[in-house]
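Chain IDs A, B, C and D follow the sequence of writing; residue 1 opens each chain.
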Amino acid sequence: MPVRMGIFLCDCGGSLKNIDFPKVRENLENLEDIAFVDITHNLCLEEGEKAITSRILTENINRVVIAACSPEFRERNFGELLEKLRLNPGLLSLANIREQCSWAHEGDVTRKALELIMMAVGKARLLQPVERKEVAVNNEVLVVGGGFCGMKSSLELSQLGIRTTLVEREPTLGGKLKKLEGFYSSQIEAMIKAIEKAENIEILTSAEVTGVEGKIGDFKVRMRGTKEILRSFGAIVFATGYKTEVAAGDFPLKPGVNIISQERLVQLLQAPTLEARPETIGFIFDLSDENPRFPTLATLNNALAVKQRWGSEVYVFCKNVKVDSEGVEKLYREAREDGVMFLKFDKNPKISADDGRVKIDAEDTLLGEEIVLTCDLVVAEEKLLPAEGTEGLSSLLKIRTDSQGFYQEENVHLYPVSSERKGIFFVGNCRGDLDLGRVLADISSVVAKVYELLPPGKVIVEAERVKADPQKCVACLTCIRVCPHRAVQLVQVDSEKVVAEISQLACDKCGICAAICPAKAIKFEGYSDDQILAQIEAIGVS
Amino acid sequence: MARDFRETLKTKDFIVTAEAAPTKGSSVERSLEHIELLKDKVDALNVTDNQSSVMRYPSVGICLLIKEHGGEAVLQVTCRDRNRLAIQADLLFAWSRGVRNVLCLTGDSIDVGDHKEAKPVFDLESAQLIHLVHTLNSGKDMAGNELNGGTDFCIGTTATPSADPIEPQLVKVQKKLEAGVDFIQTQAVYDLDELKRFMEFVRKHDQKVKVLLGIVPVVGAKMAQYMNDNVPGIFVPQYIIDELAQAPKGTGITKGVEIAARLIRKAKEEKLCDGAHIMFIGKEERVPEILEAAGLL
Amino acid sequence: MNGEIIAFCCEHSAYAAADVVGKQGLHYPEKLRVIRVPCAGRVDIIHMLKALEEGAAAVLVLGCEDGLCQHLTGNVRAKERVKYSETLLTEVGIDGGRVGMFNLAANAPHKFIKIINEVNDRIKERERENDSR
Amino acid sequence: MIVAERKPIEEILQMIAPYKKVLLAGCGTCVTICWTGGEKEVGILASQLRLARGKEGDKADTVEATVERQCEKEMVEELRDKVDGVEAVLSLACGAGIQTIAEVFEDKPVFPAVNTTFLGSPEGEGVWLENCGACGDCFLDRTGGICPMVRCAKGILNGPCGGTRKGGKCEIDPDKDCGWVLIYRRLEKQGRLDLMRKYYPPKNFRVVKRPGKMQAIKA
């Protein structure tokens, strides 16, 4: 079908004074495949919509160029309008004559505006409709990790009516918070009960994810528990948490009977009987400058618990207590009020063995004097590290980790919970050192994202926005290797030729594959080579 | 008149050989000086074959000079520059002119030398070359033809006891031993424990073969580092580099000589091997100092 | 074409930054022509070469800041391609400085202006050099 | 697959200097896969040539075409119309493709734009590794599937040379593995080191009589 193009020029309510619209129209009207050029005043208002509608209904055009404000504002609306008028939104080409022309320059910019429109016209001539179709997706979500974060995510998803499977490596749910004394563990118990009651949450304990294939809407997940399970999920939420380790490198003495971890301390606290009540207990943190949030919370919580349970002398050696997390300030005050002593140091204290006890020799920066304390028990500083198996899982998922081995870099576009692979999410401490407030924010965020990507029912996708031409594809695997979103896979066509196929659901429309394809087999409709070159060729022609 | 090297190998307790590198060019005066200086101090002079893939006066030419001047020569033959026809022909020539000993090597890569664009031959490699010499010794050529006069070469080869990993090297050494060699001359070894381990391996497979410890004196910390980075098969341990670095300025050579002599003396005293082969390339005139310091003169 | 500057702008960063320039009533040289791309990684070598063939004075690829590409490697690949285009130009005696890659965020209109101005200044300088020759 | 590298541009410019209109012929098979001579590279080279010649005021006219396999006469035949319209052909195919196009269009000067370097396979994104020397006498059964003829810089049988670098790297390049160390490790893993301990006589270099020609059994 020959190109028949309608052009709408919007003068933004007559405010774009440095463009001579009639002159622009005059120049465009002479082009052969132009059906009409309309000057309108407010395409963003109802009158604009009416103007477009009446013209499209009567003129039988098959390309639309709109010269107006930045596509940021109306591109989507114009597309929807076209669709309503039974014109494929893929046939729309925009020229940004406001932000990037009229507003960006002083003086008359008629020539430039005309040129920007000519670029859009050049592109429009080559546009092809992009078919949209409904695809069936699996809306079930797999949540990996049965700690606070995984459980809360599952609960919130289930409340939206999304079927969820919660898989946990350990025999019971609960994770790390269950092991904290006091307030947190009671909350966790309540949560476990709620999950067990929820009808649309399936719990798999003592099970691990061993393989993930496929893509959003249909991840084939292999899990190993008492038996091998292969199931399909629409999305996967990883809430695999973290582990802590005594910061051995920073600690001069090896952990043992007298120098213990937070976890060991909790075991002692929970033990029904205690061999000998420690008279003096020292907590040390901040030896390294990392000062992670979660261990800070644990230290304060446990120092207070020790004080309340055993009534020991409790000293906390620190540089600077990070109280920016939710509830931590309160915890800190409570600890102080209950008699926990905080001693601040600048230079790392000397720690030495002293006849079965541990001597801490520190210079208190507030008092300005040296303090020597002999403790029965020292609870060592802990580092926050990625949970066991994070590395294996990340290579299994082909997802990057940051320099410390946590999932998810702080990429502004993916922040906070998305990953480079659509449908795979990371929440909570498996993506770094977060406090409870931030973890809760992650959870709301992931629930919203899952709902947005996989709403109940079918999902509409652009069937072939980015497409590998099976005739031209030589199956060199380049696109498969370079796709940052793992959206390409090899498929067989006509039961013989093997070619690359791009999943429109998993594809994030970056065009990296189209640029790198050595056979020029991948076309990104709207940003194809010829459409880009047509814009280049239109420059300076007017 | 020097003794037949094969005899020396059989009878002498601690055998000493030295390397003579041919010059680049047709003038052989310097080589002659070295021959005169060393021919009576060592049991044989061993002549390299386009060493480090740098084109030079031919090995066989210097071997003939050594013979003419009453020394005993070991002809080095590499597989890099000649195919099986050329190697056989050259060996027949050498034998006919009195060269009795041949050291079989694969040869360095063309890439490390001064004619990097040349076509590498490597029609054969060292194990196959050893077989080839045995074939000539039996009066036949490789194609099975009877020769009008064969050879009876005493055969040697090389090994790298310091290689990392060592296991693949030992597989190769075993093959060479099985092919049959009279002596092995090692690449430079600075760690005598490595030599010990190597000897254990050799003796497991061959009780008769004589093993000569390869000695490459290093005359400065920088040189040692350079050798580690650039010379194939050489691994100078850090303690030697440190020792050299601590030597006062200008005494590098003396220090290098001292370390070399120390290694030889120890190897001899503790009967770690059957002899030593000294490669003091470009400083051949200082070899007697090493011999003296090692108590071999 | 007549000495225009062509800038392939990633819609997540540079394109938005260019919009902000207009919104704030700031300015850059009129000879800039922006071509919107979904990611700097979409821009291929041939696009840059063709733009120069058509007579562009300079071709820029403007993408997200390092490590912040929405598509992870798009801006890194773009940088590599710009570098390769530079080589291809230098090989045939054309100033490789006529192609360039810059990283900026969507909220960096001043950086956007600075980049374009600097490129424009270089073009002018080159023109002067050529004139005096 | 066949791996090739583009020739230096000066060499190409010199070859086509006398011709105004040139066809750049790509090949859709091996050289496409190794990013050297597919449609994309044809486009880039054509543009580079136009820029280079345009600068000299000698505007080059380029025609671009890529066929599925340039080593097939019938497929090259598709180019006839385009070849008729140009003065010379610049082929981005491997040596086999270049010779086929030269044979099909006997009267036309045909020039190579690439150097065919080796037979290999991808090691990762954009990296290809030589792993077959097309020697005509496959040895891989004895070496755990690693070819000593090309994975070893010297192409020797019977084990490594004495030049192996620390960590099992090659004498000539610390970035490359010693082929024989790889073979050793593979065979060790499989418990088949006996294969490496065997002596292998010199290789038969007469297996393929040059020029090579193969006649498949006609069914």
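Operating definition for what follows: a residue touches a chain if its C-beta (ideal position, glycine included) is under 8 Å from a C-beta of that chain, and two chains touch if they have at least 3 such contacts.
Note that this is a predicted model, so its numbers are computed, not measured.
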Does C-D or A-C have more contacting C-beta pairs?
A-C
Cα centroid separation, subunit A vs subunit B, in Å, comes to 65
CA centroid of subunit C to CA centroid of subunit D, Å:
36
Once you find the CA centre of subunit A and the CA centre of subunit C, what distance in Å lies between them?
29
Based only on mean CA positions, could you tell me how far subunit A sits from subunit D in angstrom?
43
Identify all positions of subunit A at which a residue touches two or more other chains, and write them in rising order.
482
Which residues of subunit D are in contact with two or more other chains?
40, 43
What residues in subunit C touch two or more of the other chains?
44, 46, 50
Touching pairs here come out as A-C, A-D, B-D, C-D
Subunit B residues touching subunit D in their complex are 79-80, 84, 105-109, 111-112, 120, 122-128, 131, 142, 158-160, 163-165, 167-169, 171-172, 174-175, 178-179, 187, 232-233, 235
The subunit D residues in contact with subunit C across the complex are 8-10, 13, 40, 43-44, 47-48, 50-52, 54-55
For subunit D, which residues are in contact with subunit A within the complex?
28-29, 32-33, 35, 38-41, 43, 66, 122, 124-125
Note: in the complex, subunit A contacts subunit C through residues 70-72, 96, 98-106, 109, 112, 115-116, 119, 400, 409, 411-414, 420, 482, 484-485, 508-512, 514-516, 524, 527, 529, 532-533, 535-537, 539-540
Contacting residues of subunit C [partner subunit D, same complex]:
44-46, 49-50, 52-53, 88-89, 91-94
